[in-house]
Structure formats: structure tokens, C-alpha cells
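Reading through the C-alpha cells given below for one structure.
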Amino acid sequence: MAECHPVGFQWVMEAKARGATVIHVDPRFTRTSAMADLHVPLRAGSDIAFLGGLIRHVLENEKYFREYVLAYTNAATIVSEEFRDTEDLDGVFSGLDPRRRAYDFSSWRYEDAEVSAPSGLQEMRPEERDRVRGAARGEKHGSGGAEVSAGPMRIRTDETLRHPRCVFQILRRHFARYTPETVERICGIPQETFAKVCELITENSGRERTTAFVYSVGWTQHTVGVQYIRTAAILQTLLGNIGRPGGGILALRGHASIQGSTDIPTLFNLLPGYLPMPHADRGRDLEEYLRAETVRKGHWGNMRSYLVSLLKAWWGEAANADNDFCFDHLPRLTGDHGTYRTVLAQLDGVCKGYFLLGENPAVGSANARLQRLGMAKLDWLVVRDFSLIESATWWKDGPEIETGELRTEDIGTEVFFLPAAAHTEKSGSFTNTQRLLQWHRQAVEPAGDARSDLWFAFELGRRIRAKLADPAYRERHGLDDVEMDRPVLELTWDYPTEGRHGEPDAEAVLAEINGRDAAGRPLSSYLELRPDGSTSCGCWIYCGVYADGVNQADRRRPGSEQDWVAAEWGWAWPMNRRILYNRASADPAGRPWSERKAYLRWDESRRRWVGPDVPDFDPATPPDHEPPPDATGPEALSGTDAFIMQADGKAWLYAPSGLVDGPLPAHYEPQESPFANPLYGQRRNPVRSLPPPGREHFQPSDGERGAQVFPYVATTYRLTEHHTAGGMSRWLPRLSELQPEFFCEVSPELARERGLEHLGWATVITARSAIEARVLVTERMKPLRVQGRWLHQIGLPYHWGPNGLTTGDAANELAHIALDPNVHIQEVKALACDIRPGRRPRGRALRELVEEYRRRAGIDEQTGRQM
Amino acid sequence: MSDPAADTGYADPPPRMGFFTDTSVCIGCKACEVACKEWNAIPEDGMELTGMSYDNTAGLGASTWRHVAFVERRGPVPAGPGGEGGEPSPQGAATPGREEGELRWLMASDVCKHCTHAACLDVCPTGALFRTEFGTVVVQEDVCNGCGYCIPACPYGVIDQRRGDGRAWKCTLCYDRISTGLEPACAKACPTESIQYGPVEELRERAASRLAALQEAGVRQARLYGADPDDGVGGAGAFFLLLDEPEVYGLPPDPVVTTRDLPSMWRHAAVAAAGLLGAAVLACLTGRRR
Amino acid sequence: MGWGDLLGRWPVWRQLTGADRTGRGAAARSAATDRLRPRTADADRVVKSICPYCAVGCGQNVYVRDGKVVQIEGDPDSPISRGRLCPKGSATLQLTTGPARETRVLYRRPHGTEWERLDLDTAMDMIADRVIKARRDGWQWTDDEGRRVRRTLGFASLGGATLDNEENYLIKKLFTALGAIQIENQARI
Amino acid sequence: MSPRRRREAGGERPTVPAAEFASYYGRPVLKPPVWRSLDIAGYFFLGGLAGASSALAAGASWTGRPVLARNAQVAAVGAVGLSTAALVHDLGRPARFGNMLRVAKPTSPMSVGSWLLAAYGPLAGAAALSTLTGRLPRLGRAAGTAAAVLGPAVAAYTAVLIADTAVPAWHEAHRELPFLFAGSAAAAAGGLGLLTVPPAESGPARLLSLAGAATELTAATLIRRRLGLVARPYRAGRGGRLLRAAEGLTLAATAAAAAAPRRRLPSALAGVALLTGSALTRFGVFHAGVDSARDPVYTVRPQRERLRARRRAERPASAPGG
């Protein structure tokens, strides 16, 4: 955190000054470790074992927050008899179809939850389920949980937590094997260190104290990434650290508006506000879509209002009840259309045009070579950025030109480079890592041809619409299918413009996102959204950001004039709530768990929830409220259903649905690992997403022939001084001079073992490619004792590429594209590799070296693809 | 100790301003380096990978007025959780062949010390270096003729000549900013308040209490550097809390302003000059007699 | 200007006549030093902004003079950052005003070996044509199993995590209306 | 231990075990002078030659040695002219040379020197001009006398100039350096006399050079004796080599001058050797200083020892009461 979010880290330092203990768990010793009270180096890719060990400690030693767990979690819920755990099936859950490499998760459900319900995944044929799963359904829960039961809620519970099939007992059994000895064997964490962590975390949780977990892509970039976070969620929920001040699991995201780009997603599987993109199998019409996606209880119950309002925002007058509010204008998914699949589609010649909008995949995406080869097959490529990044110039001076794999003259891709406007040259909002929308105002006009992406999108749409509306153009280009173009032509696409360049007024767009009522007045909260088409709203969770016609994201009441929650700075979704699920900060009766950790409380005299934050709960629903039995949606929530987005109002220790790779996390080895899985016969995530054979080579893992060719583990990361793939740092002397060259970090022990010299060169090799880096020998890299052997890990900052003021090979050349099955994120945090002294070969010899390694390791099309 | 501004012709000067750099909370982010360069429009200072941990700046100079040092060093445990210090960390022991003790990664942002008795200022022949009303020491870029005298005079190796420019440059403690009540760029940017700006008197009190708190917490290695008005430079206007010996960070352990010995030098030179004159005269007189 | 004035500006004279006898302080000041002011003090406007790098969302004040950004620093009002910035945030002035920014459209024709110049209007028009064609070429009313999909696989988009919400909104809205589904950003990576 | 840790600066290793010496990656604590040796050591030499020559010239003039007086005056004015040129050449902004007289700072030897030069140069020039042209002899004589008084200051102040720095080898030698420089200046002026003046008039030059050489050698010996660790750059490295050469030349010249006082050739050779020796002395001192600034051991260890000694001295005093 000190490394990549230094300004956010001020609050950690402040907490530390007030007595907080800081533990840093990371394979590397970073600037964060330097500030931590305890640094716990662990093997990259072993966090589930580590967190699982903590869960076991909490359960076995009765360290969980019992009242909290009973009141707010599904610990007492009884799970279906059909469910079989990894305990029973040697590392897989019930429902695994080995042929299709996918789970049928009907057996994971709660007992008595109606399986014969008329909708949802349950009803689908298995093939359909696979396709829907492939479409990253799990991600729709970016703002809430999945469905558990389609019928009225009749959840069986055992408040004593003794029922063998209650979630609590399943948890105990599941995590029983995550003993400190196991943690030591898998993670390389000595038992005494682990004991210290257990002690610190449990001592600092409960009524009086809270522990917060902070993670970044060190957790997500794995083939079991989502389950990493699930494990932390289970632990934090058991300890009562969710929904309370000083608690939580905080994702530190790396881009100014990466949260915003998930909320208003430029993501294939989502519509704004985490509404799923319609799927061909469950989105034939609006009703089918809603049946499949809506849950009965909680705020997701109002999905129709959210979607219809979105359709109204997009298609305005054209959208009405008679035509399903233009639902059919939406394209449908049939599987994974994520960025790595797109690259494969480019290689296959299906995808012929590509926009890169402030993104540099030639450096920043896994298997960067594949990215470039994909771009070389395009008809056209549009790159919008500040400088000539690698993704704009690969056709001229990319690594494949050097190796001779590509020849500039042979590449047919037409490339447009369009200079982008900077944040000072346009107005707009960023959503930061804590869901806070903050407005930045335009300071100056962009120079030359530089324009905002708002201008670009608007102008492109304007031109396309004009062309499509022009009969002569249609005639000339043989555009005879009018129906195809209706969604574009009927789109509401009329924004006021301003300034020298005719930039669209960003506030007008924000107003559309916020939504309007039938009279065109701005809405003030998503509770006002209606399913009948009388409201429009471009992103329901952002509804209220333009309440009263005021840009709430631009609120700038100084922090010094506010309390510590600072609710009048910017605007947080939803409804300006700063801590989600904050109902849980009070006990079931509505009293704070402790005065020290007080946040919300039920004020009986005013009959309201009061506190420094907006309650993440109906403000007038008393703690003792019991909903009528036939209630649905938000009305079905009781006075203690603190987790209002969840289908049962509870925090899920066990996830009966929503995840495609298991209701509980289990430790799986990374796709490529020098170690076997000592916990289960199942080595890797059985349902991880792999590209089809022929595009990429994987390496053998421990126990397989050739595994010893790649005996080390490399992990990629960022440095304070640079930014992601370097587009915003490698061109700046100020930053480049601070970290002027690509390097790898190795321990003195590895340096000795492989003859690496400090400041010399090393070549790092995987089955994909070989890269060279200057060597930093440092004791900050520490060999770990894993399964009785010493493991050396190699640190690779991934900022570099061949362009800019500071250059170097891209670490992502080494990475493969085996993905997490829930969200399709690549595994770049734990890569088995080899390292040797000296620079890498040039030209054709580079590919020959990689070929040689593949031969030595016996790699073929099938290597690493076993389930 | 006297007020350096009052001693240099300022009637009723504002309080002396300075930096307290608390390295125990420095996270090595180098925001200070960049903020300084942005504000003062300082050119790039070399693109070399030094291999000195994460320090590729290497040191203060004409084009680097803030420099973050990175030291990887084994030592006793700083503060243990709950305050008990000195207890060996569980993670320290495991690697065979490595030294005992926990690995520490010390980071410290160095800067011009703005000495009470500033050698650079004393020896500057043009008055380019001068004492401001805030007691800080600043080079006037419109005056400096690049004689280079200030450079070896500085006991900390701070000021240097910028190649291609010829003049000497160093931290101005953002004289332009502080004149209008703004804080220096580095202190403003510093995410963790490792760099604190304020009246020197107040900073010294703050430093003393921070030191006491750290020592109480068992951080025995903590010490103040440059805060003592009785030291060899009369106390620094920019002083530090360090977690190891000063020389580990590249700082001199006991710097003394060279001009402290100047009177003695002049005396010796006077005797030598007189001797030379006398010898010349005497040689002529003696020669005549012969 | 008389000789008296000139003499009065000679620091030696000031040394002799003023309080700064040793010439190390007040007497040594130059006229430029006396005129020194922070460039932020002469800004025409201070524009409130947010740092464009990571997702902490630090507040920034952008100082503008004569239509140019002259300084960017932390906004002390922000309860998130309290006026502080990391090295990247502190380098925002160079990011936005430095010489590394390209300000002209560049074009590489198929099989071309060098960049060429193209005016923005032409470029936009060409891109619009290419989108229309790629969309149509990759159009699917139904997939190979006959399910209605109403989409195009002909073009894709990647990027957006450094863009504004409003920009992402228009991109998603337009591309979805065009039937494109391969719309992705850094959040997947 | 990673290879770079404890890496010490290049060059000579200190005699004391390295283990107790810590530094930041062996980097210098100080900034070595940016002065070019030819300019600045040259300036020291020429300034010394000029200053001592003026004194010698005045003495010669008063005692009726016109050739010696004239030659010394000319040498003084030539040397001071060259030295001023060297000084200006070494400036980062030569055009701003005039700023040297912007202030008058007793704390700055360079400021003092600038004013000295500003006064001395014209005087030396006037004296020489008067002698060469034969005009205004009285004024010329007065100027010569004044130059003779200022000349030794010009010769000696440069020692203060370098001693008044943080450079260990210079600062620690601040007592001896003025004598070294004055002696060296005397030797040079005497040497020039020996070289350019017939034996009949060169007696004072010989005597001055002998006195100068003796002073110089004594001062150098004292420096090496007294400075401990910091004397090392005066013995070893480039500075040490130059100083050894300088001493050899000076000794040889002294011997030659003393042995054959009346013979022109040996005298002239002695003069050349003295001049060269004097120049090498300044270059040697210059480089010894630069070397001592480059290696952090010369900065850190003496300071560390000083601290230790002070702590030892303080401890008993503060002991009562615990």
C-alpha cells in the first residue's frame, strides 16, 4: 500500500501512530513491509492456505464474534444434503462435470431452497449453464449477492450452530486441514510467525476492536483470485469486521476511475450498475431476463426498475412498454468475450477493428506477444493516448519485428493514433477505490488535435449516426439491413457542447447517468426508480449524484470543516453511503457493539437510524421489524438483515450461488507451480479458464516431467515511481529518473545459485518468452522453506516496454492467459520460471531459446491443461 | 542561540522556519523529490540504475534538492506491536547464512540543512548566497557567478554546480512559497508527514517529543540529528530524526562549520604573510650586506 | 536613476550603512529576490481537480495563468489526501504539460513503414467508416445455434480505467447500441 | 550481505579496519570541489608568485637591485594577470566576474581575496609600469611599496581560501597551509629571481627561496605528522605523488642554489626547479584535498572519533545523579 498508494497509506501511518498494528503479507519486502510491525513473506499463490489457516484458528479457538455471526451471517443456515465438500471429494466440490470442466451448482444450495423455481440458472440445461458461467456472471455481484431461492424465503437454520450441515459446521470441517503445519508447508511461513499473526488479528477483532484487510491485484491476479477475496470475506465476517468502522476488506485499485469503469462498465458482461448483459440463453426478452437475474429479497429485487430506467436513458422515447423498452436493442452474450478472448478472436480473424482508449496491452496485458500478434491481424486499430505507447508502434519497432516473426511491410493493420486530452483539459468524474465520485473541472482546452474521450465517443457516434441516416451513404455501402441500425439511430445522442472544440458537456452526461423523472427532473435516489418507464437512469447505483440538479460529485466542503466521515466531499454510491452494510456496526437491537466502535444506532425517540453516515439500510426500519411473509424485494428485509443486497439479507460465509468454482475457497496451486498441492489430490482450480489449445503453451508443474526446468516463482508488481504499463510515467523525466531501468529482484542465495551479479543482467524464461533485466540482489527477497525445499522467488516490476525515456523488456511477455473462471483475470502473480545470468538472445535466437526450453521441459499442446 | 535572521540585518524578522524530517515515518515514495523538482523546475538529473536499493537519485546536488536514501540493513527490531521493542522478530531467524537481526529498510529524505552557521553562505564572495528573513539560506540565481566556493565549504555535501549552467544550486526552502505563507513543495506533498515544515523552535519541540515517544516504544536506535543548537553548525534549520548512525544515511556524524576556524586561519595567514614580507625584506637587506 | 540610487543598490554600501555588516543577509539581497513571488500567486484561476493516476483519488489544485497550467499540487481541502500527493501525483504538471505529449493525429496506412500526418476531421471520418464496415462484417443476428444475439464481433475496445465515468458511459452506450460486446477495460486485467 | 553493501569508495583504502566504518554505499559525504586544477591550483601558484615577487621587488628596489626589482615587478604583474584570468576562466558564469565586488565579506576568503586582488593588481601594475616606462617614479615606488605589503597577503590568503572549506585535508591543515603557501610563494619568487636575474643581483632571491623552501618543507612535514588519517592524501594518491615530486625538486634546487651561488646555469636550473616545485606543491595540495573529499572515510572517521572523544569527556561530567 505504501508502494502503490502512498497517499492512502497516510491513514495507515496515522492508525499506527495511534497504536494500530500493521501486518504486511507479501512475497516481497516492500516499502509497506518497511513500515509494518510484522512482515510475513509467503509463497506467491498460497494466500488461500494462509487465510484458511487463520479461519481454522478462529473457528477452533472460538475466536469468532458469536453474536455478530449469529445475527448477520448465514452461519446457522442448513445446506442441502446433496452438497459434498472438497473434504469428501479430494479437492473438488459436488457437481463437477469433468468432461465439461464445470460445476453444476444445484447441490450447493441451502436446504429447502426451492430448486424447482421457474427461473435462474437452476432451470437451464448444463450446456447453457456453461455458457452463462463463461460470461462472468459472478461479476454482476459487484454490488450485491446472488440468488439463493426463487420462491418465498424458507431458510432452515440452527441457531446453536451444531447441525452437521449448517454452514458453520461445514466451515469447520472444510478448514480443519488448514493447520499451522499445513500453512507452513504450503506458504513457507514459519509456525511461530503464523501464530503471531493469528494472535494479532484475533486480539484486534470483536466488540471493541476491528481489523481491516487491504488487498490489491496481488489477490485478484490468480486462477483462483475471486476465492482469495472470498476467503478474506469469510474470515472478516467471522470476526465481525464487516460494516463497521475500521473493518472491511478494502480493494486498493490502481487507476483513477477503475472502480467507475466497473460501475459504469466498459466490460463485456455488464451493463451500468452491475446489471448483467443479456445472455442468449436467458435474455430472449425482458421478462426472461428479469426472471433469470432478479432475486426475490433485498434491493436486487427491484432490478426491473433499474433496467427499464437504463433502457429509457439510452433509447428515450423509442423505449416503451410495448416494445419491451427496447430490450431487444441490447446485444447478447454467448460466453466469455473478455479481453483475452478478444485477442484470440483477433488471431482468428473474427475481430477486425480495435479501440485502445488509454490502455497499453502490448506491455500491460498477459502474454504481451500474443497481444501484438493479435493486433497484427487487425484491419484497423485506433489508439488514443498521451504519447506513442508500445501498443501504437509495435508494427514499426515491436519485439516481433526484431525477432523476425513480423515484418512491417507485411502487416496490414491500419493504425490511427489520436492524442488524448488530460484530466486538466476536460471535466468529468472519477470514482475512486472507495466508491467515491469526485469531479475534476476543466482547467484549459486541450492543445492541437488532443480531445477528450467524451468528445471522441460523442463525435464518433454522431458521425456514424449521420452516415447511417444518410440514404446515399447506405446505398453506396450496401447497407440494406435497417433493423440492424435501429439501436444506433434511436439512441439518445444529443448533448450540449461547449468550448473551442465543441466538447460535450460532461455534466449533461452525468445528469443522464443520474436519471430523471417523467417531468425531466433529476432523481435523488435509486429508490425513486420505477419499472414502468416513467423514470430514466443511466446507472442506478449512481442515482442521486445529480440530486436537485446539483453535481454532488463536485461537492468540496473542506475536510477540516467536517467530521471524519466527511460526507459532504464528493458523493459515494449508493446514496452517498461511505461504509457499506453499516447496519452491522450496531447489534441486532440497534445499539453500537461498543462505544469505541460506534457508527450507526437506532434512535427510538426519532424512530430512525442515526450516525455520521447515511445508513445502508432503510432509515426508518426498526431493529425488531419482521417483514410480512409474502414481501419481496427491499420490503422482505427484516430489521436485522444488515446485508441488504444479499438475497437472504445475510453475509455469506458459504456462497450457495454466485461463484462458478465453489461455494467455499480451497487452496489450489497456480496454473504453473513448482509444487504439488499437499491438501488435495486436485492440484489446480478444476474449472479455471484456459485458452483453446494452439495459441499458448503452458508449463509442467511439480510432479510432471520437465517441471524442474522452471524451478522458481516470479511475481509481477508495480513500483511507487511508475504507473501500470508506463504510459503515464515512462515518458516523464521526473518519474523515469527515479526508476530508470527494468530490473528483477533476487535474493543473495538465488544470485549465488545461478551466478547472478548485482547490477548485471539476467534472463528470465517461461514457456512463452524470455526477457532480460538488470539484477538487484537484495536481502529483501527471502528464500522460503516450502514442502521441505528452498524456494526462490523473483520480483518483476511490469512497467517497462521498449518505448519512452526508460525502457526495458515487459514482464508480461512471460505471463500466460489461464484465467480465473469467475472474472477472467489472468494469473500474473505466480509464474514458474527459470533465470540465468546474462542478456537474452536477440533476433531469431530469442524464439529458439524459448523453443529449447519447451523441448527440455517436454512441453506440448496438452501440457498444463489437465483438470 | 541567536536568531540568524536578526544577526544578518533583518529588523523584527518572522520566526525562523525550517524542516523536521522524521525518517521513522518515511515510506520512501520520493514525492518530495518530484514535488520539489516540479515547483522549482529543476532539470532531470541522470537516468542511471545505481543498484543502491531503490535510490537512483544517489545524492543531493545542483539538480536534486531532496534526496531519499534507501538503506537495507540488519539491526535490532524497531517498535514491536504493543510497544515492546528489541524482541527478535519471528521472521528474522529463518534464512541460514544470513546475519542475525531483522532486516530494516531505512528511508530518509535528505535536504539542505539551512545551518545556523552556514559555511556556504559565509564563504560566498558575491552575496549570491544570503540569509532570508526566515533564517533560511538561499542562492540568488541572478547573482551567483559560479565561483564554486560554496561547494567544498558545505560540510554536508549539499550544494553543487549545475553542469551547463555554471551556477550553484540547492534547496531554497521554497523561499518564494514561504514568503506568502505557503509551505515548501516537498513538505506539502509528503504523504506521511515525514517532512514537517514550521517554526524551528516548534519543530525542535515536536522532534524532542517524537524522539521520546519512540524511545519509550523501545526504538533505541532513534536519535535526532541537527537539532542541537550547540552543534558544529549552531543547529540546522532542517534537522532529522534518524534510526541509525548519520553516516549510514550519508550524513557526516559531527559536522562543523568551517568558518568557525576562520579567525585562526586568518591569524596564521597573517603571520605567514608577514613572515613572507619580512623574509623578502630581510633577504634584500642581508644580500646587501654581503 | 541617480548615482545615489545606484550606490544604494550596491550591497557593500548597504553593508556599510545598514544593519547587515557582514553582508550575509539583508544587504546581499538582489532586486530580483525582492520581487520574488510564487507563481501560484499570479494564477488567474485555481481549478479543482482530482489526481489521474491511482484510485485513491487525491484532490488537486490546478493553477492556470494566461490559459496555461503553471502548477498542480495537492488540494488541502480533500479529506482523502489532505493536500498530499505521491511522486506520480506530484509529476502531474509534467504529465499534462510536458513535451512527451503528442498533440497531432498520426496515421499508419496498411503495410506502411512510417507514420503520416492526418487531420483530425479526416481521421474521425475514416474511423466512422471503418466501424460501420467492421460492425457489419462481424454482424450476427443469431449464433451458430440459432439463438438471437443481435450483435457484432467485428470490433472491440479496451480501455477506460483512466477515463471519466461520463466517457465510459458514452463509450458503453454507443458501442452497445452498435451491437459490440467485446468492450473491456483494465478492470479485467 | 549483498555485494554492494560496505563497498567503499575507489582509491586508497584506509589503514584502519573497514569494519567499523559505515557510509552510504561508499559515496562521498562531501561534494568535491568543482574547480579545475589547472585554473585554481595554477591561480594559487601564480598568486603566490606574484605576491612574493612584489615583496621581493620592493626590497630589491629599496636596496638598489634594479634588475631584480624590475623582473620581479614584471613577474608579479604577469602572474597576477594570468592568475586573474585563470580565476575568471574557472567561473561558471565568467561574465559575472564583477559580482566578486558586490559585497565585502570578511567571512569569505574569496571575497577578501577579490578585494585584495582588486587593490593589489593595479598597484602591482602601476609599479611595473612606472619602472618600465620610467614615468612617475615616486608614485611607482609608492605603488610598489603598497604592492609589497599586499603581495604576501595575496600569496597567503589562498591557503585560507582552501582551508576554509569542509575538505578534510585542507581544513585540518589550516594552521600549516598558510605557511606552506607563503613558503612556496617565496620559493617561487626566489626561483624566478634566480632564473631571470644575473648572479650579481640574485642574492636576495636565493636567500628568499631558501627561506621559502625551508618553510614549505617544514609546513608539509608538519601537515603529514599532525593530520593523522587525513594526512594520507598528502602521502598517497595523486596529491602525494605531486607533493613528493615538489619536495624533491625543491630540495634539489635548494642544494643547487646553495652549492653554486655564483654560477648562472645552476642558479637558473635551481630557479626552474623552484618554480616547478612551487607549482607542483599547489597542485599536490589541490589534489590531496579533492581526494580527501571524495573518500567518505576522511570525513566520517575523524568526526566519529571526535564524537567519541567528546562523549568520553562528557560522560564523567554528567555521571552524577545517573
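Each chain gets a letter, A, B, C and D, in the order it is written, and its residues are counted from 1.
Criterion: contacts are C-beta pairs under 8 Å (C-beta built on N, C-alpha and C of every residue); 3 or more make two chains touch, one makes a residue touch a chain.
Please read these numbers as outputs of a predicted model, since none were measured by experiment.
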**Study point:** Most contacted chain pair (by C-beta pair count)
**Key:** A-C
Revision key, fill the gap. Min distance from chain CA centroid to global CA centroid: chain C
**Study point:** Centre-of-Cα separation between chain B and chain A, whole angstrom
**Key:** 45
Point to revise | Centre-to-centre distance between chain D and chain A (centres being mean Cα positions), rounded to whole Å | key: 71
Point to revise | Centre-of-Cα separation between chain D and chain B, whole angstrom | key: 30
Study note, to complete from the structure: Cα centre of chain C to Cα centre of chain D, whole Å, reads 56
Point to revise | For chain C, residues contacting two or more additional chains | key: 11, 22-24, 27-28, 72, 81, 84-91, 94
Check your understanding: Of all the residues in chain D, which ones touch at least 2 other chains?
Key -> 1-2, 4, 102-103, 105, 107, 111
Exercise for review: Would you mind listing the residues of chain B that make contact with two or more other chains?
Suggested key: 29-31, 33-34, 38, 51, 72, 122, 127-128, 143, 191
Practice item. Using the touch definition up top, name the residues of chain B that touch chain D in the complex. Key: 50-52, 58-59, 61, 69, 71-73, 99, 119, 122-128, 143-149, 151-161, 165-168, 245, 247-255, 258-259, 261-262, 264-266, 268-277, 279-288, 290
Point to revise | chain C - residues contacting chain B, complex | key: 11, 18-30, 32-33, 36-41, 71-74, 81, 83-91, 93-94
Review point. Once bound in the complex, which stretches of chain D touch chain B?
Key: 1-2, 4-5, 21-25, 27-35, 51-52, 55-56, 58-60, 62-65, 90-97, 99-100, 102-103, 105, 107-111, 113-114, 148-149, 151-153, 155-157, 159-167, 170-171, 174-179, 181-183, 185-186, 189-190, 203-205, 207-208, 211-212, 215, 289, 293, 296, 299-300, 303-304, 306-307, 310
Check your understanding: For chain C, which residues are in contact with chain A within the complex?
Key -> 45, 47-60, 62, 64, 67-69, 72, 76-82, 84-92, 94-96, 98, 100-115, 118-120, 123-134, 136-139, 141, 143, 147-174, 176-189
Check your understanding: For chain B, which residues are in contact with chain A within the complex?
Key -> 25, 27-31, 33-34, 37-38, 43-49, 51, 53-54, 56-57, 72, 74, 79-82, 89-91, 93-95, 97-98, 103-107, 191-193
